[in-house]
Amino acid sequence: MKQHSETLRIDTRRGLTSITEDVRRALGRSGVREGLLTLLIRHTSASLLIQENADPAVRQDLERFLSRIVPDGDPIFTHTAEGPDDMPSHVKAALTRTSESIPVHAGELVLGTWQGLYVWEHRDGHHRREVFAHVIGE
Amino acid sequence: MKQHSETLRIDTRRGLTSITEDVRRALGRSGVREGLLTLLIRHTSASLLIQENADPAVRQDLERFLSRIVPDGDPIFTHTAEGPDDMPSHVKAALTRTSESIPVHAGELVLGTWQGLYVWEHRDGHHRREVFAHVIGE
Amino acid sequence: MKQHSETLRIDTRRGLTSITEDVRRALGRSGVREGLLTLLIRHTSASLLIQENADPAVRQDLERFLSRIVPDGDPIFTHTAEGPDDMPSHVKAALTRTSESIPVHAGELVLGTWQGLYVWEHRDGHHRREVFAHVIGE
């Protein structure tokens, strides 16, 4: 049984950025063929998501829907120091995922055909986000 | 330390389908008594949930509440190729879970007394869903 | 490769209660320096969250926002046996997390600088909640 870990650095803009290939390469470097890969995003204003990887309209609709139920500048928020997208970004991260665990079989992530791995950036502007990847197995 | 993995195939209809017994049987086949069991649903329009296993009204209320905040046919959605329940199912999966990790102690999942494991089907009609189960431990 | 597991008992009131130090101590007791720590909350009316650990206003805003979209006493709910905060607490748990997995590197949780671990209590009153912690690694 062995382990491998590394930090992936992902350049983001608001919305979903695919990290499937970054994660596949990390898995390849681990040499693990049967095991478990865990991702943790080290931020509270961006999150992880496993979602549809075919039609870009799905990602746009996800962003538009979530931004409608958690609107920028909602007057309910008191934590507004970093602007109108600050507190909504924490809520959106709370409603999606900070860690995901993906089993590994025959050297591959066992994602479904239509599943991709994404960082969901909830802040405006450009950011560089850290996703920690851990692999355990054989 | 050993590992076990298998694919569970679950027949679903819209709403929550219990998979607790399916997962317990997979754990039994693994022979692991102390360790970690991870589930990944290989779809983006159905999700995983750990929820109340006693009163069926809880599952019905969950379905009705989530379908009210993410309504079928919402005009905000542009990805509508597969019908009015298509894009809402992706949003609902984004708001619930794709993977869950459950520790194993004394040969049992460490779920609380009132917790059950569910696949939450977000599409209309009947579907067969794949849930990949991975167990590591001793 | 070794494993460690224990149950953390957390006293809560409605809102977010930090468990970061409790979890760090459990990790210390495990002796694991490189590995994976998994938490499972053994309840369906409280949940886990990794969120901002600096400004308390963030936690208050999270509670107020979630209680606005899932209001106590919403007439859509039929499961009301334990009061107006009963079914909303199940929905809020469904929308946040039951398990979280955090990699361990150099003897530390790989949380970001601004990340803390929380139990989110969704019921009124005082409660004692069980969080099961499992660690695997070396």
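List of remarks:
As written, the chain order gives the labels A, B and C, with residue 1 at the start of each chain.
Just so it is clear, a contact is a pair of C-beta atoms (placed from the backbone, for glycine too) under 8 Å apart; a residue touches a chain by one contact, two chains touch by 3 or more.
Since we're looking at a predicted model, the values are computed, not measured.
The angle of the rotation superposing chain B on chain C, based on CA atoms and rounded to the nearest 5, is 120 degrees.
As for how the two copies chain A and chain B face one another, under half of their interface residue numbers coincide. Rounded to a whole number, the gap between the C-alpha centres of chain A and chain B is 19 angstrom.
Residues of chain C found to touch two or more other chains are 1, 36, 69, 95, 97, 101, 136. Of all residues in chain B, those touching chain A in their complex are 1, 3, 5, 36, 38, 40, 42-44, 69-70, 74, 76-79, 81, 87, 90-91, 93-95, 97-99, 101, 130, 132-134, 136. Every residue of chain C that touches chain A in the complex is listed here, in rising order: 1, 34-36, 49-52, 55, 57-58, 60-62, 64-66, 68-69, 95-97, 100-103, 105, 110-112, 114-115, 136-138.
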